[in-house]
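Letters are used for the chains, namely A, B, C and D, taken in the order the chains are written, and counting of residues starts over at 1 for each.
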Amino acid sequence: MHAQQQFDAIVVGAGPAGSSAALVLARAGLRVALIERGEYPGAKNVSGAVFYAPGLLAELLPSFWDEAPFERYITRRVLTFLGKESAFSLDFHTRHFALPPYNGVTVLRPKFDRWLAGKAVEAGALLITSTVVDDLLYEGARVIGVQCRRDNGALYAPVVIAADGANSFLAKKAGLQREFSAEEMSLGVKEVLRLGTRTIEERFHLTGDEGMASEYVGEATGPIKGGAFLYTNRETLSLGIIVQIASLAQQRIRPYELLDRFKQHPAVAPLVRDGLTLEYSAHMIPEGGWQLVPRLARAGLLVAGDAAALVFAAGIFLEGMNFAVASGLAAAETALEAHQKGDFSAATLAGYRKRLEQSFVLQDLQRFRLTPAFVNNERLQNIYPELLCQAAEQVFRSEGRPRKKLGSTILTTLRSKVSLWTLLRDGWQAGRALFF
Amino acid sequence: MRIAVCLKQAPDCSSVYVDPVSGEVDRERFVQTLNAADACALEAALRLKEQRGGSLFALTLGPDESDEVLRVALAMGADTVERLWHPSAVDWGPLTIAAALAARLHADSSSLPDLIFCGEQSSDWASGTVGPALAAYLGLPQITGVIGLEALPDPSGQLLLRVTRRLERGYRERLLTRPPLLLTVHETLNEPRYPSLPAHLAALQATIAVCDPLSLPQFAPDVEAEEATIIEVRIPRPRPHRLAIPDSQLSPFERIGEIVSGGTSRRQTRLLEGPPEELAHELVRFLKERGFV
Amino acid sequence: MSLINNAADDAVFMRGESVAELWVVLQEQEGLPPEYNQEVLAEAKEVAAQYPGQLQLCAVQLRAPLSSPVEKSTVPFFKAVVPERLYVLEHPALGRYTTEGYVAALSWLIRERTPALIVTSATVNGQDWAPRLAAQLGLPFVARCLRFALEQEALLALRALYGGRAYVQTRTRLGRQPALVTFAPGTRGTPPMTGSPAVGLPMPEVITYQPSLAFEERNPSLQHLGIEAPSAEEVELEAAEKIVAGGRGVGREGFAELAAFARLLGAAVGASRVATDRGWVEPERQIGATGKSVSPRLYIACGISGAAQHTSGIREAQTVVAINPDRNAPIFALADLGLLGDAREILRHAMQLLQEESVGV
Amino acid sequence: MQELASEPVATQPIEERLELVRFKVDKRPHIRVHTEACRGCDLTPCVYVCPAGLFEILGGEMHFSYEHCLECGTCYVACERKAIEWDYPRGGWGVSFRAS
C-alpha cells in the first residue's frame, strides 16, 4: 500500500455534512481525504436552499458571517394554504432574525458548498474531486477504506465518514440502510428565476439583505402529496415543489408540469412574473423522518447528512443543511475521539449516535416523528387547504345580508366535506404531531 | 524522444450561458476545463511516448486557475509541467501567446522538442491560431486538423508518422511525416484517458512551476500591434431553436440579425397521412420543390 | 455601434496611395465547394464598396504552371462577383496545397504588392496557412469572422464565441502592414453554383507571376499520400449537406434500404442512439447529445420519435422531414414536412419514383 | 366557481429546461434499464416521476436515454420491478449545477 493512499480519515461527499466533518478533522491535524464525485463541490447538490441555524458554522469559522456566500438572511416566514383559486397565508416578519447569528440564510449550493469545502482544504484536507466512491473496503467486519472508481482506486483510513447524499450507496452497502420505498422518499424539483435585486425587494417587501422563506401546501401540488417553496436569493428566486414519489407515480403527473402549475397558480404567478429561468434542477429528499434514519455507525464507518436521512421535513419545518452540518460535526468529533483512543470499533463510534441524541438532530426528528405521516394525510394535503380558503372566503364575503358568527361559518364549511369525527381526529393528530 | 504539449484552460461550452435579455455572458457559471482538443493532443502525445519512450512536457499560459489543466496533464502522465503567466497576459491575443510559448520552448538549453502537440482550436475563441503561429516562430513544419495518427515501424529506427487530416465534407488527406514537427489535433482524434487514483492524487498535490514569459530572452511582445480589443459581446440565439443559414439575398445587417436571433421563425409543419405510395410521392415532390433532387 | 462606417480620406490603409487593394485568396481543394470562394468575394466586395474608388477588389489564385497555354480559364471562379483584378501566382510546388508553398507564395506577393487587407475562407487549409503567414510576417490577424469592415485605423470584425453561444465584435488596430482575415465558411449562405459561368460580366484584369520562391519545395520529411473522398455513407455528418437518419422505427433491416435511399439522394446516413446502441449502424453515425451535432440543409428523420437527446443534435438543420407512424412523435414539431407512416415503405416507394425519373420513364 | 384545473396549463417543454443545465455526457451510460422487465408494466412510474422526462413508451416499448439525467435516483426508487440498474456516472461526468 502506498503511503499516499493511507489517510487518517476519509470523508465521502463534499456537501455541508462532509465538508464540515473534513474541516474539523483537518483542523485537529488529521490527514483527511475529502472525496467528491462532481467536478467541484456543489456540482451535484440541490436544496431549497435555506440554511437554518447557520451559526453552527460560525463557531468554527470566525470570519463566517463576513465571508460565507449568503444570498439573504430570512426575516420573513410565510406558510400558505392554497386553494384552487385562493390562498390563505400566515405571514411572519421579524427584525429579530436580522442580526447575527441569523436564524436562517438562503444560499446557492454550487457557491456555498464550494466555499465550505475550500475552508476544509485551507485547514489541510485533501479535496479529491471528479471521483466516485463505489464501495467500502473491509477487514473482517471493520471498514478500513473506500474503493474509488479509478484504476488502483483503493484509499485507506481507520475511519470513513459517508456523507454521500440522499441515495447513499455506502450506507446501503454497509448494511446500515435498507432500500427506500417510494412512500418515504420525496422528489424536489426546482428552478432558479432571475428577477433582479430591486424587484425582489419590492415584490416581497424586503429591505437590504433581508429575505423570505415561503412554503405552500394544498393546491400547490394538486392532488399529489407534497408542498412547494419559494425563497428569495439576492437577485434570484429559488422555487420548487417537493412531492412524495409514490404519490407522483400514482397520479401520473410529471414533476415539471406540476412545477409549472404551481408557478401559474393565481397566488404565485404575480410573484414570479417576468422571472427568467436560469437553471432547472432536481434531487431526491429522504423525507421519511425518524423511520428512515438508519443505523448510523459500524466499526470504521459513520454516516452523516442526507445519507443518514437526517432531514427535518415536518410540516412547517423544512430543514436539511443544518442537520447535515451538525451531523458532520458530530461524526468528526466521534472520529477524533476514536483516534485519541486508537479504537475504531463499533462501540466507540456509537458515541456518534449519542452526540446526535443530545443535539437537536435526533431530538427534533424523534419529537416530530409523527409529523411526516400527519403531513402526508390525504385530507391535510388535498381537503383542508381548500376548505380553509373557502371558510376564509365565507368569513370575508360581504353580500349585504346578515352574517353568521365566524365559528359557525367555518364549521359549516369544514363539515361540508369532512365529518366532525374525522375533523376531531385530525385535530388530535395535528396536536400530537406538532404541538405537544 | 521529447514531446511538448501546449494546453489551454477554457470554459466548457456547455457551461456558457448568455443572458437572452442583457446579452451578457454569465462568467460565474463557467466551468473551466482542459480544452477538449487539447486533451486529445495530450492523449495523442502520451500514446506516442508510451510506444516510443521519451519525455512529455506540458505547458500552458494562464492565471493561477490554469494550474488545474497542468494537474490533469500530470495525472494523465506528463513528466514535467510549467505554467507561463504575467498579469499583462490577460490582454494577449493568440499570436503573442504563441510567441511566449515559442520563447519558452527555445529557452531550454538543449534543442527544441521533437514533436509539439496543440489542440486545433479552443472552445472559447476558436481562432485556431496558436498552433500554426507557434510552428512559424519555431521554424517547424506543421500539420493541422489531425484526426488520425499512427506511428509506423521504420527500419531506420526513426519515428515515422502516418497522419490523417480532416478536410471539408468528409474528405481526408493522408500524409507520412517525421519529426521535428508541430501537430494540431482535432477533438475527435481519441478519447482522453481517465487517470488512475494514485496519479490523480499525486497531481492534486504537485507543485506547479511558474515562469514569467517576460523574463524569457527571446520574448518581446508587441501587444499593441497585434491584438483585437473586444468592443461588445452580443446576444446569441436566445433559445435553442434551429439556426437557419441566412438567405444571401438579405442585407448584411439582416443576415447578422438572423444569425444572432437564431432564425427568425419556426416553420409550420405540414403533416400528411395516407397510403405509402402517396406519401412517397409527396416526399419526392417536396424534395424537388426545395431543390434537393 | 455599427460595422458600417463612412469612408474617410485619411484611412490608414491608404498609405498615401490613390488606390489600395483588398485581396481574396482563392482556395481550391478536392471536396471544397467553390461557393466558399464566391462567398468571400461577395463579402469583400461589400467592404470594398464602402470606399468607392479607393479600395480595389482583387483575387489571388495560386497554382502550378499550366502545361498548355489554353487552359481551363479562371472564369469559373467568378459567378456573381467578379474582382477587378486577378493575380495568378504560378509555381511548380503549388500543384497541391502545402503550408510552406502557400505561405512562401503569399509572402512573396505581399512584398510585391502590399495590399491593405487579405481575406480568405476559413477552410481547414485556410486556417492552416493564414495564421502561420500572419505570425511569420507579423500581420494583424482575425480568424473565422462572420463579418468584417474597415475603419480608418482599424479592422472591425464580428466573431462567434463559445461555439456560437455568444458573438463578439472586435476592433483590431491597423498599422502600415496588411491585415489578414479568415471568413467562416457558410456564413453568407451562397446559393448553390448551378448553371453556366457568369456571362456578360466584365472580365478581371489578369496579372500572372512566376516567381522563384525561396523555400524548400516541401518539407522533405513530408510525403503526401493523397486525398480520399468519402462515399455517401461516409460523408462526415458534421459536414453533410443532406442527412437521412434512422431510429428505432427503421429496424436493423431497414437501415440497408435507408442507406440506399441516402445514396440516391447523395446524403449521409445518420442514426439515433437506439440504432447505434443496437449495432444497426456504427457509433460515429449517432446524432444527438451523445453523438454529433449536425447542420445539414436537409434532414430526413425516419422512424425517429424525436427525444430531446436526439433533437438537440439537429437544431441547426435547415429543412426537416419526419417520417413516423406515431402522430404524437415530438419530431413532428420540428419538421417542415411530416409523413405519418412506415418509413421503410415510404422510402422504398420514393426510391422507385426517383429511379424511374432518372431513367427518364 | 370556475375550475382552474380544467384550463390547460402552459408547460414549458422539458428539453428547454434541460438546455439550461450543464451536462458532460459520458459515452458510457450510468443507468441501464432492463426493458424486458418493463413489458406488461402498466403503471410505468418511471415515465411520470423522472424530472428530466427520460423514460418514454414508444410503440409499446420502454425507451430510456441517460444523457440528460439529473442523477436524483427517483426512477430507481419508484420502479417496483427493479428494472433499473442505477449508478452514478464516472467522477467528473454527468450533470453539474451552476446557478442553483
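Please note the rule applied: a residue touches a chain if its C-beta (ideal position, glycine included) is under 8 Å from a C-beta of that chain, and two chains touch if they have at least 3 such contacts.
All values derive from a computational prediction rather than experimental measurement.
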Busiest interface, counted in C-beta pairs: B-C
Centroid comparison with chain C (C-alpha atoms), farthest chain: A
Averaged-CA centre spacing for the pair chain D and chain C, given as whole angstrom: 39
Chain B and chain C, separation of their C-alpha mean positions in angstrom: 19
Centre-to-centre distance between chain D and chain A (centres being mean Cα positions), rounded to whole Å: 22
Inter-chain centre distance, chain A versus chain C - centres from mean C-alpha coordinates, in Å: 53
Residues of chain B whose C-beta touches two or more other chains: 17, 31, 194, 240
In chain A, residues with contacts to at least two other chains: 39-40, 130-131, 148, 150, 278
Numbers and ranges of chain D residues touching at least 2 other chains: 14, 18-20, 23-24, 27, 53, 90, 96, 98-99
List of chain C residues in touch with chain D within their complex: 248-249, 273-274, 288-290, 305, 307-309, 311-312, 326, 329
Interfacial residue positions of chain A with respect to chain D in the complex: 37-40, 42-46, 49, 84-85, 108-110, 129-132, 148-150, 166-167, 169, 180-182, 185, 187, 189-192, 222, 236, 238, 245-246, 248-249, 251-257, 260-261, 264-266, 277-284
Chain C-touching residues of chain D, taken from the complex the two chains share: 13-15, 18-19, 23, 25, 27, 53, 56, 58-59, 61, 63, 65, 67-68
Touching residues on chain B, where the partner in the complex is chain C: 11, 13, 16-18, 25, 94-95, 98-99, 123-129, 131-137, 141-145, 162, 165-179, 181, 222, 224-237, 240-248, 252-253, 255-256, 259-260, 267-274, 276-277, 279-284, 286-287, 290-293
Residue numbers on chain B that touch chain A, as the complex places them: 17, 19-21, 31, 33, 194-198, 200-202, 204-205
